[in-house]
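Notes for the one structure printed next.
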Amino acid sequence: MLNNKDLSIGSKMYQWATDLFPICRSITGNGLRQTLRYFQNLLPDLKIHEVPSGTQAFDWTVPDEWNIKDAFICDEQGQKIVDFLQNNLHVVGYSESVDRWMTFEELDRHLYSLPEQPTAIPYITSYYKRRWGFCVSENQRQQLRQNPLAKYYVKIDSSLQPGSLTYGELIIPGETKYEVLLSTYVCHPSMANNELSGPVVTTALAEYLSKQHLNRYTYRILFLPETIGSIVYLSQNWQTMKQQVIAGFVITCVGDRRTYSYVGSRLGNTLADKVVLNILNHKVPNYQQYSFLNRGSDERQYCSPGIDLPVCSICRSKYGEYLEYHTSLDDLSFISSEGLQESYEILRECIFTLENNFIYKTKVFCEPQLGKRGLYPTLSTKESGKQVRNMMNLIAYADGEHDLIEIADIMGIPATDLISLAQILLENNILQKMNNENN
Amino acid sequence: MLNNKDLSIGSKMYQWATDLFPICRSITGNGLRQTLRYFQNLLPDLKIHEVPSGTQAFDWTVPDEWNIKDAFICDEQGQKIVDFLQNNLHVVGYSESVDRWMTFEELDRHLYSLPEQPTAIPYITSYYKRRWGFCVSENQRQQLRQNPLAKYYVKIDSSLQPGSLTYGELIIPGETKYEVLLSTYVCHPSMANNELSGPVVTTALAEYLSKQHLNRYTYRILFLPETIGSIVYLSQNWQTMKQQVIAGFVITCVGDRRTYSYVGSRLGNTLADKVVLNILNHKVPNYQQYSFLNRGSDERQYCSPGIDLPVCSICRSKYGEYLEYHTSLDDLSFISSEGLQESYEILRECIFTLENNFIYKTKVFCEPQLGKRGLYPTLSTKESGKQVRNMMNLIAYADGEHDLIEIADIMGIPATDLISLAQILLENNILQKMNNENN
Amino acid sequence: MLNNKDLSIGSKMYQWATDLFPICRSITGNGLRQTLRYFQNLLPDLKIHEVPSGTQAFDWTVPDEWNIKDAFICDEQGQKIVDFLQNNLHVVGYSESVDRWMTFEELDRHLYSLPEQPTAIPYITSYYKRRWGFCVSENQRQQLRQNPLAKYYVKIDSSLQPGSLTYGELIIPGETKYEVLLSTYVCHPSMANNELSGPVVTTALAEYLSKQHLNRYTYRILFLPETIGSIVYLSQNWQTMKQQVIAGFVITCVGDRRTYSYVGSRLGNTLADKVVLNILNHKVPNYQQYSFLNRGSDERQYCSPGIDLPVCSICRSKYGEYLEYHTSLDDLSFISSEGLQESYEILRECIFTLENNFIYKTKVFCEPQLGKRGLYPTLSTKESGKQVRNMMNLIAYADGEHDLIEIADIMGIPATDLISLAQILLENNILQKMNNENN
């Protein structure tokens, strides 16, 4: 049963995020590797894989590995006015090296800022086209513009050369080969909600699942660089996953407390969608609902035609929908222990529901006589309790065709309300579990 | 055709209810037997069956037969302050015998009242657990409480011993073996809407159906003790019924005039649901709609998984939804001739619609030339009449796939509006009846 | 691509309507023949067919051919007070001959007027029952009534004798045998919206289609007398049409500018419905939507049971829904070049969409790397453009099951927005066309 809230999990997750925040991650490189090792420390069975640059993955090729040591802009006084070591968002991801004096005019063509958010440093990358650039606040840029004739010493000490793409994979075997997929991404530099919240919540869930005696489902838990990582992973595992994954969740942007969001799968009708909708509809009914048209993370790959895995997303403030998104304002103050903990609990509830989502069939024709089993009041009065009604409804709809979530949806209640009732009815020999492929 | 309203049917039904009101009925016993013999007097072909105590019926066992001769509470002055012979609701159904003086304290543990309805005697039963008890008004109980040290002589002269469960069954053979089921229950003591209204309306419908030359469908009309009666009946007849019943109605709470109610079948999509919805939507559009989650009568058995008969209910004020329900306030003043008559007519209209619900197919391609048959105005003007439009629409949708009710639903009209039109088109060789299983 | 609006097409169509307005058309006869020859002049491949009187067509028989030379009512002073040569609506269609003096009383029994529209001459016909009659304005009739004893010389010089029913048929062969049907009717005398607008817009569409190098679909374009014409045509062509027609449109009442209307097919779910709804929903979202219950033109035949062609209608002010309908007020001032042009463009857009409505399938698993093909911005910023999003969504839903219109409906955009994107993706080897029956 799922009932003890370990309130310290939120603080633990927040501490992990704090530890990892300063690291400069990208879709390859040592920052990514260091982050995965941090999680491996927490999850000893996490395997870290290296995929060589140049590896083909469907329509893509694993790019060269990018690493960066330092980057700054100095003014004529030798003052570092922009410093990568202060904030790794300052450098456009995958920037090539540069090391020379230049005019403001030239520099300015390599600066990125957000006029509408003058204090924010934007997050920009250029993975597949060679560029260099610096991201600065609009305020700082305006200041620089006041001195158009100034010269600047610009240095980016980066390398781009054959290496590998790194990802983490944790398989927790269950009773059956059928799998639940948890996928998160670890390629973002110093931003908190997007994206350290996803990795730390996923890690906490993985800890929880590892501690269970034996789960019903096998859990495939992935820490990937976004897009290229999931494409590489799918190119090597999609056939197995297509046969085994019964539901999956992309875990991203789960650290703040402003709202809850749901992003549906491609056609919006998978088991993953059903469980998330049942839980959210009852636990946080005022959540935001987005269709697959508003997708943006690795469900783009998992749900692509031909792959078609049953994957959707739960977020708090969804990527692209909050002002701080992809800027330096998405920092550790934007997320909280409470936000992480709540997301963890909702996801754990989805998992718990899936673990208990069977197709049941009532073993007797007509209503069973619950009274003789002590499950029904022996005295008929005007009203019967909610618990008894739920039990009778579960029996009435346990027809071997509807699963527990579908029955809960018919009844307009959270599926979790039916789990212990189903257990009681099973023990009383009133229900039987049907052989479904996921059983 | 269904057009003559015999207004005296309502009065006749009300008289039956008045005759039957005083009898103390239960799920077994002489009151039940006496009630069925009253109906047998009206419906000579009604068969009365006895099922011995101890008979197994799915998960249930027919209980011992309960009979009661007398019951009262006397005060120390020898005054009968509660008297079963005054109102048979005073005794908890299936009470065991008692015959002794006791303190108020002891008596009080055996009293049932409704604090929120201080003048009402509640209706309570304890069929499957041995108990005894008296039901009194809250007002009376409060009075007794003023004298906590008083003693009372309490007597219940009842017997519970092997006997039988009694039910009535009337089969009216039709052109086909396919059946319409009418089911009502006869196990309630002195209450009027719930439940003498159902039995008397069912009896009037049975009289009407018996008088027809030959119905299309066979009618299976059941007068049962609720729950155990329908379970027993199904345990002996479900296989035949599963093959033959095309629609059925549980007839209960059909005597008052406050509203109309519909209680859907388990998935809400059977022929019974379709005909009721078509009729109610057009005849009494402000009726109350309840899903199967709000069920409460023998549809619980008829629609249970594995049985799955196409059965729903029409009520006036639905059981459980009116204040007088299961109390002495549900008396003969709560129902009326008019209420019974209106319910009778709605149900007769449902039956009439089913009898005429065929799948038709237009025999010619393109529109037939109605003009040459005198069915269409020969002069084209700006407007054509509603009757002609209905006829043209019936022809257009008579595609061998939609039945008459479905076509009426597409057209947004009551199916009864199409019956005579279909007849005209059949006679004019424009439509043909399709072979459907119910034909 | 469909992008150049030839604004002169509207004027051209209006001129055609003006030329044709005076002709007295009916369901047979020389006026009908003359009208078809006018269109044949514009569309040299239009074939004019003659079907002899007496020919059987399903439930109908081709009637005798009706021709009229003159008709008038003279007063005692020899003054023509009603003159067919002034307005051919004055004579009831298919009137038999008359040539004699009569009392006002007798004449009045043969007069038709509209009390609620006192200045309008109604349009009346009596094709299948022998009658004669004059249609006059209610005002004129009131005037005549002031002199009830007057006598009138009444002459109708008409003939009704074996001849033929005439219709026009233009087949424009395409890449495939699969067809789009355009059907309009040419049997109405001097009325403009209903019905010269349909024939002239259909002619303009036929000109447009004839000028294309090679259409994907074959076009079957019909100019028929309403009802009897389409029944005759279907009786001779329905089997071919059932195999080949993938979508069709009845083109009627397309000349005014008050509104747009859609009349659905019988079940409202054909490809024709889908394309029309997609276009109208986005181009003129406040259009009027009518179900097949409000049909009135040749879709009555095309959609009849057993025929079941995928045919619906686009109108401006729909027949039967505007005050001027079937009266002399539906004249050339009621329609306009602009109205005709707009209707032409909407229909051309439907055709253009059908021509480009393929089922596509994405050729690679996971998202293709659009960046390396120059189809995606190489710099990741906070926002991506609408065009790129549409392209990504098209790729995501190009699963070999949804056609372009269905994908556009999922995306909530007009299908036309996807056509050039699909072309680009096809050229870039990202999409492939699936073999669908219409391909």
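Should a chain be cited, it is by its letter among A, B and C, assigned in written order, with residues numbered from 1 in that chain.
Everything below uses one rule, namely that a contact is a pair of C-beta atoms (placed from the backbone, for glycine too) under 8 Å apart; a residue touches a chain by one contact, two chains touch by 3 or more.
Only a predicted model underlies this, so the values are computations on that prediction, with no experimental measurement involved.
Common neighbours of chain A and chain C, listed by label, are B.
Mostly differing positions are employed by chain A and chain B in their mutual contact, as under half of the interface residue numbers are shared between these two copies.
Between the two copies, chain B and chain C, the Cα superposition rotates by 120°, quoted to the nearest 5.
If you average the Cα atoms of chain A and of chain B, the two centres end up 55 Å apart. Per the touch definition, chain B reaches chain C in the complex via residues 361-362, 364-369, 371-372, 378-382, 392-393, 395-400, 410-412.
Residues of chain B that touch chain A in their complex: 57-60, 92, 112, 114, 122, 124-129, 131, 227, 230-231, 234-235, 238, 266, 292-293, 295, 300-301, 303-308, 320, 325-326.
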